[in-house]
Amino acid sequence: MSNKMNELDGISIRDLILTHDIALLPLGAVEVHGPHLPIGTDSFLAEKLCEKLSERVPSLILPVIHYTQVWSLGEMKGSVSISNELLTQLLCEILLETERNGFRMAVVINTHLGNNGAIKEAARKALKERPDFKILYFTYPGAGEILGEVMGAGNFHGGFFHADEIETSYMLYLCKEHVDMSKAVDETPLVPELIDVTPIRWSEFTETAVMGNAKDATEEKGRKVIEYVLDRMVSLIEKAKER
Amino acid sequence: MSNKMNELDGISIRDLILTHDIALLPLGAVEVHGPHLPIGTDSFLAEKLCEKLSERVPSLILPVIHYTQVWSLGEMKGSVSISNELLTQLLCEILLETERNGFRMAVVINTHLGNNGAIKEAARKALKERPDFKILYFTYPGAGEILGEVMGAGNFHGGFFHADEIETSYMLYLCKEHVDMSKAVDETPLVPELIDVTPIRWSEFTETAVMGNAKDATEEKGRKVIEYVLDRMVSLIEKAKER
Amino acid sequence: MSNKMNELDGISIRDLILTHDIALLPLGAVEVHGPHLPIGTDSFLAEKLCEKLSERVPSLILPVIHYTQVWSLGEMKGSVSISNELLTQLLCEILLETERNGFRMAVVINTHLGNNGAIKEAARKALKERPDFKILYFTYPGAGEILGEVMGAGNFHGGFFHADEIETSYMLYLCKEHVDMSKAVDETPLVPELIDVTPIRWSEFTETAVMGNAKDATEEKGRKVIEYVLDRMVSLIEKAKER
Amino acid sequence: MSNKMNELDGISIRDLILTHDIALLPLGAVEVHGPHLPIGTDSFLAEKLCEKLSERVPSLILPVIHYTQVWSLGEMKGSVSISNELLTQLLCEILLETERNGFRMAVVINTHLGNNGAIKEAARKALKERPDFKILYFTYPGAGEILGEVMGAGNFHGGFFHADEIETSYMLYLCKEHVDMSKAVDETPLVPELIDVTPIRWSEFTETAVMGNAKDATEEKGRKVIEYVLDRMVSLIEKAKER
Amino acid sequence: MSNKMNELDGISIRDLILTHDIALLPLGAVEVHGPHLPIGTDSFLAEKLCEKLSERVPSLILPVIHYTQVWSLGEMKGSVSISNELLTQLLCEILLETERNGFRMAVVINTHLGNNGAIKEAARKALKERPDFKILYFTYPGAGEILGEVMGAGNFHGGFFHADEIETSYMLYLCKEHVDMSKAVDETPLVPELIDVTPIRWSEFTETAVMGNAKDATEEKGRKVIEYVLDRMVSLIEKAKER
Amino acid sequence: MSNKMNELDGISIRDLILTHDIALLPLGAVEVHGPHLPIGTDSFLAEKLCEKLSERVPSLILPVIHYTQVWSLGEMKGSVSISNELLTQLLCEILLETERNGFRMAVVINTHLGNNGAIKEAARKALKERPDFKILYFTYPGAGEILGEVMGAGNFHGGFFHADEIETSYMLYLCKEHVDMSKAVDETPLVPELIDVTPIRWSEFTETAVMGNAKDATEEKGRKVIEYVLDRMVSLIEKAKER
C-alpha cells in the first residue's frame, strides 16, 4: 500500500495514522533552475526525499506544496513566488491540521533555502497553539559535513548552491528522468559582495540561474550526499521522538 | 515537450510562454472521498483535466494546489483544510505572478466546490490590480446540462455530488488506476434540511463521505460528461479571448 | 411594545431577551435598483421580512446593516460597497455580540445575493468560537420552489433576479410606498455567457440594473412568494431549535 | 423628493449627486441609554441631525451605520459593539466609495463619543488615498460653548454626558416619540478617579447607564443646543468648501 | 543599583521584579520641536519622568519606545512616524510581555498626545487577554489643573501645547542640557478653525512647529507643573493598587 | 554638533540630511545576557557601533529600537519580545519614513541574530515601494573572518555567541561601564543536536543564558573584532553608494 496520503483511501487512513504517526510534508518551489533542470526541481527533490525517508521511518507523505517564496529569482520568467507571510501562514495552518489528524510529529522536508525563515516561524506559531506536538524541519541536514568531500568546485559562496554540481547531482540520483545533462553549463557568476547585506535579485548577475559547474554532477555524488542526509534525518527523528 | 511548467527547463519556458500564453492552474483538495477513491481525488481530477485541456488549447499547466478549503468534511481524518482567507490570498498572489510571467490569461481548473468562493474573490482582487489580465474559473462548466441524462441516481440534493456515481465516473475515465471499485458503496445519507441555512459538518450524517451510489459509476459515463465539459471549456476560453 | 432592539429601552431588554431569545439580523445593501425601486431596496425588504417574521416567532430585531458587498453593480453611481473580508468580519463580530447578549439563536435575514459568501464564512467563524450558539441564514428560503408558478417571465438566467418582476413584487407587497410603478421598465439584458466563469460588472450589459420585466410585478405575486418564504423560515427555525 | 440616498431611485441619483455633492454619513451606536431612552438613541439622533442639516446644505444622506464601538457599556445587555479596527476600516471603505460616487465632500455626523478615534483614523487613511477629497467629522461641534448656559446639572465629569439632561433634551427635540420621560431618573454615579488613566467599564459604577439628571431635560433645551450645533456645522462646511 | 531594566543584569532582575512589581514604560516620539528643542524631546521627557517617578514608587523602568504616531507633524523633515495600528499592536505585545515577566502593574508614561488613541486601545486589548493585570496610562495627569496658574500665554487652543512655554519649561526642568534657549521663539500660529473636524497637517500653518511663546519658559515653571504631575501619578498608582 | 537625530533641533536637521544622507538605525534587544552583562546589551552595542561608524561616514543616527524578537530566550524573566511580523512591519515603516526624510541610504546596525529574518523581509518590502532607496543591514559583517584568530574558546556551536567571550569583549571595548567582570562565568551548555531542526527555547539547557567562557573576554579582543567590523561596514557602504 502506498504511504502517500493523496493515494490512500479515506477509510484506511484512519488506522494507518495510528501506526504511521509521522507526517512528512514536502516543500519545494516553482523556480528557474537553468537549462538542464526543470522548474519544479525543488518539488521533485522534496517528494523523492520523502519517499526514501518513508521507507526508513513509519510515516505518511502529505501532498507537496509547490508554491513558496522565491524572491532571489523572483523576477525571472518561470518562477512563481508567494509572499513570506502567506507561506508562513500556510505552513502553520497545515501543521495544525496535521496534528488534528492524529499525527504525533510533522517533518517538513524542504529543498529551497528561501523557505527557511517561513518554516521556522510557522513551527513556532503552531507549537504555541499545540505545545505537545512535534515539528521538525529539514533542509538537507548534515549535507554541509560531507559536501566538501564529495563535490568538486561545488559549494561556492557559502550557501548559494543552485542548479549547480550539488543540486544537479541530487537530481541525477533522485529524478534522473528530469535532467538533461546535454544542456548542463559551467557558470560561476560574480556574486556581488553586497549580497549578504542588501536585497539583490540574482538576475543582476546571472542569466541562467546556474551557480556553479553543473557539468561535474554525477548520480554517484548525489547518492553519497543524499544517503548521508537521509541517515541524519532518521537519526534526528529518533532523537525527536525521545524528547 | 511537456507543457507542465514544473517539467520545463528555465530557458525554454521564456519562448514557450509567448506561444502558450494561457496558464492552467489545477486546484484540488486533500479530502476524504470514501473507501474506493483516494484522498487526492480532487487534485488528480484537476490535473488530468488540465492535461486534456492543454491538448486542445495552447497553454502551460501550472503546478497543482493541493491544500484548499475543506470545511464540510474538515473534521474527518484524512482531510487537510486551510482557511478561506488564506486560500483567497494564495490564489490572488499566484494569479498576479502568472500575469508577471507574461501569460495573457489564467484559467483556474477547480474540482472542489468548497473553493468557489475563494476563487471568485481572488479573481476580483487580482483583476483590481491588473485590469487587463484575463482570469477564468471552471468547476466542471456545463456538467449540469448533461448530468441528468448520463447518470442514474447521481445528482442528489442539488450540488452534493461527492464520491458518488458522478465523481467516481470522472475518476474511472481520468485516473482509473486510483479507483478501487471493489470497495465502492451505495449510500444516500439523510442530509439535514438545514444544511443550506446553517453550517453543518457532513460528519453529522455520513461515516464514509460517499453521497450517492458509487457502484453505478462507469468509465463511459465519466467520458461523456468530461468530454462535454472540456468542449465547453474550450468554447468559453475562445469567448474570453475575444472580450 | 416594539420588538425592534433599537426602539427598546436599556432596562426592559434584559428580561425580553429571556423570552425572545432569537435575534433577527436584517442584512441589505446600498445598491442601484433601477428607476422604479429605491437604492435601499434590499435593506427595506430585509427589515420588513424581519418584522413579519417576528410576529410569528418570539424574537427581537437587531438594527439593519445597510453597507454590504456590492461588486456586480459596484461601479454604478448610487451603489456603496464594502469588501468581502470586511463584511465577513463585521458579521462575525455582531454574531458573537448577539450571543454575549444572551440570545440562543441568531437568524440573518439577507436579501442581497452578493452577501451569501460572507454570511456563510462569518457563521462558521462565529461557531468556531461559540459552538453551542445557533446561527441561521436565510436568503428567501423556499422561494425557488414557488417562483416559477407565481411569476411570469421573472426568473431569468438562474439567480439574476434584480429589480425585476420578482423583486418588484416583493417591494409592492412589503414597502409599496417606496415603489414607483410608473417608472417600471421591461428589460432583458444580454448577460454574457462568461458571467459565471469570470468577474464581469453588470454595467457591461445594463444601463438601468433592471434584469427582467418589472412591469409585470404585482403586490399579490409578492404576497404569495413572501408568505411562502416566511412559512419556510418559521419551519426551519423550529427545526433548528430541536438540533 | 427625498434626499435620503436609500429612498432615491438608481437613475435620479446620478444627476442629484452633481447638485448635492456633499454626502452626510450618520454614525450612531447600539448602546444602552437607561430606562427612558431607546437603545438606538445615538442612531436616531445622528439621522435626525442629518435630516435637519440637509435642509440647510445641498446634500444627500447616506444610510446610517448602527454598529460601532461600544466599549464602556459593552458588557451590558442591549449593547452591541464592534472592534475599533473594524469600525475604522468600515468608515474608510465607505468614505472612499462616497468619493467614487462623485461626491466632493463627506461629512460624518457622529453622536457617540466612543467613535471619535476610529473616525479620525479612517479620515486620515481615506485622504491618503484620495488627497483631494474633503472629509469632515462632527460630534456636536460647538455644543461645549453653549451647554453650560442651557443646561442645569448636565455636563458632569467632562465629557460623560450619556442618557442625561443633555442627551435626553436632544432626543426630546429631535425624536420625542422615542422618549418616555415617566421613566427618567436622576443619577450621578460616582465615576472612579482612575477612569481617565485605565480602562474601566461603566458597569462598575452604574446600573442604568444614566449619567446625570435626565428629569431636567426639556425639548426647549435640546432645541437651543441642537440649533446652535447645526449653525456651527453649516459654518464649518462653508469653511471647508473654501479650503 | 539602577532601576532601569536595560542596565540590570539578567539574574538580579528575577528577584527585583518581586519587590518592584510595577513596570514603567516611557513612550516618546521622534518629532520636530522647533529650533530650541531636540527632535527627541518627548522621549527625553518620558524617560526623565520615569526616573523621577521610580524614586517615589518601587518600580523598574522599561526601555523607551521612540517611534510612535506623528501624524500632525508627519510631513516635516525630522519626524519619523509609524501607523496607529502598528503602535497599538506594539504596545499591546509589550504590555503582555510585561505581565509575563511577573509585574503586577504596567504604567505607560506618555508625553506625546498623538499616542493616546493607540495606548487606550492597546490597554483594552491587553486586558482582554489578561484581565487581572493592571495597566495605567499617564499623559501629564493633573497638569491641566495647574497650567493656567503657572504659565503665561502658554496653553493656547486647548491642547496644542507643543515646543511652547509649557513643554520648554518641562525640558528646562528635566533635561536642561538639551535646550538652547537662545534659539527659542515666540510664535502663535493661526490654527485653522477646521482643525478639530478634518485632518490638517500642522505644516499648513507653522514653519517651526512652535505653538506658543517658548521664550517665556523657565525651569521653575517646569518644576512646578512636573512635580504636581508626579504627585498625581503617585496618588493614582496608589488608587490603582487598591482596585 | 551631535549626529544623533534625537539630539538635533528641528530646523538644523533639514540641512544636515543633505550632507549626511545616510541614516544609521541601531537595532538591539531586551534580552537576558547572564549575570555580568546588562539586559540592554544588544541595544548598547548597536548604539555604540553607530556612534563609531558615524565618525567615519557622514551620517545621522536614528533613535534605537529596543524591542525586537527574542524567541530563544523569550521565556526568561528579563526578556521582552515582540512578534516577528510586528518587527518586520515596524522596520518597514521606519525605513520608508527614512526615505521620506530625504536620506539616500538607510543602514540597519543590528546586534541580535534573532532579528535577521525580520530585517531582510522589511528591506525587501520597503524596496518594493521605493526601488531607488538603498538599504543595508549589518550584523557584525566580517566578524566571522577574524573571530577564530582573536578569541579563545569563543565561537561555539556555529552562531550561538551570546553573553560569551565574544560578546563580552565587545561590551568591554564599547561600554565597559555596563560590564561586571566579577560576575562573569564560564559555561558551555549542552546544546541539543535538534536545535537547528525544531524550535527549542534556550531555557531548556541554560540557566544563565551564558553560552561560552565570558571570563576570557578582554577589551583588546573586543577592539580587534569591532574595528575590523567597522572597517568592513565602511567598505560595504562605499560599495553600496556606487551601485
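In this document, chain identifiers A, B, C, D, E and F correspond to the written order of the chains, with residue numbering beginning at 1 in each.
Methods note: a contact is a pair of C-beta atoms (placed from the backbone, for glycine too) under 8 Å apart; a residue touches a chain by one contact, two chains touch by 3 or more.
In UniProt terms the chains read A, B, C, D, E, F = Creatinine amidohydrolase.
Remember, predicted model here, so these are calculated numbers, not experimental data.
Of the two chain pairs examined here, A-B and D-E, it is A-B that is joined by more C-beta pairs in contact.
Taking the CA centroid of subunit F as reference, the farthest chain centroid is that of C. In this assembly, the C-alpha centroid of subunit B lies 57 Å from the C-alpha centroid of subunit E.
Averaged Cα coordinates give subunit B a centre that lies 50 Å from the centre of subunit F. In whole angstrom, the spacing between the mean C-alpha positions of subunit C and subunit D is 27.
In subunit D, no residue reaches two or more other chains under the touch definition. The touching residues of subunit D, counted against subunit E in their complex, run 71, 84-85, 117, 120-121, 123-124, 127, 134-138, 141, 192-194, 196-199, 236, 239-240, 243.
Interface residues of subunit E facing subunit F in the complex, by the touch rule stated above, are 4-14, 17, 30, 32-40, 43-44, 62-67, 76-83, 86, 89-90, 93-94, 97-98, 101-102, 163, 178, 180, 183, 208-209.
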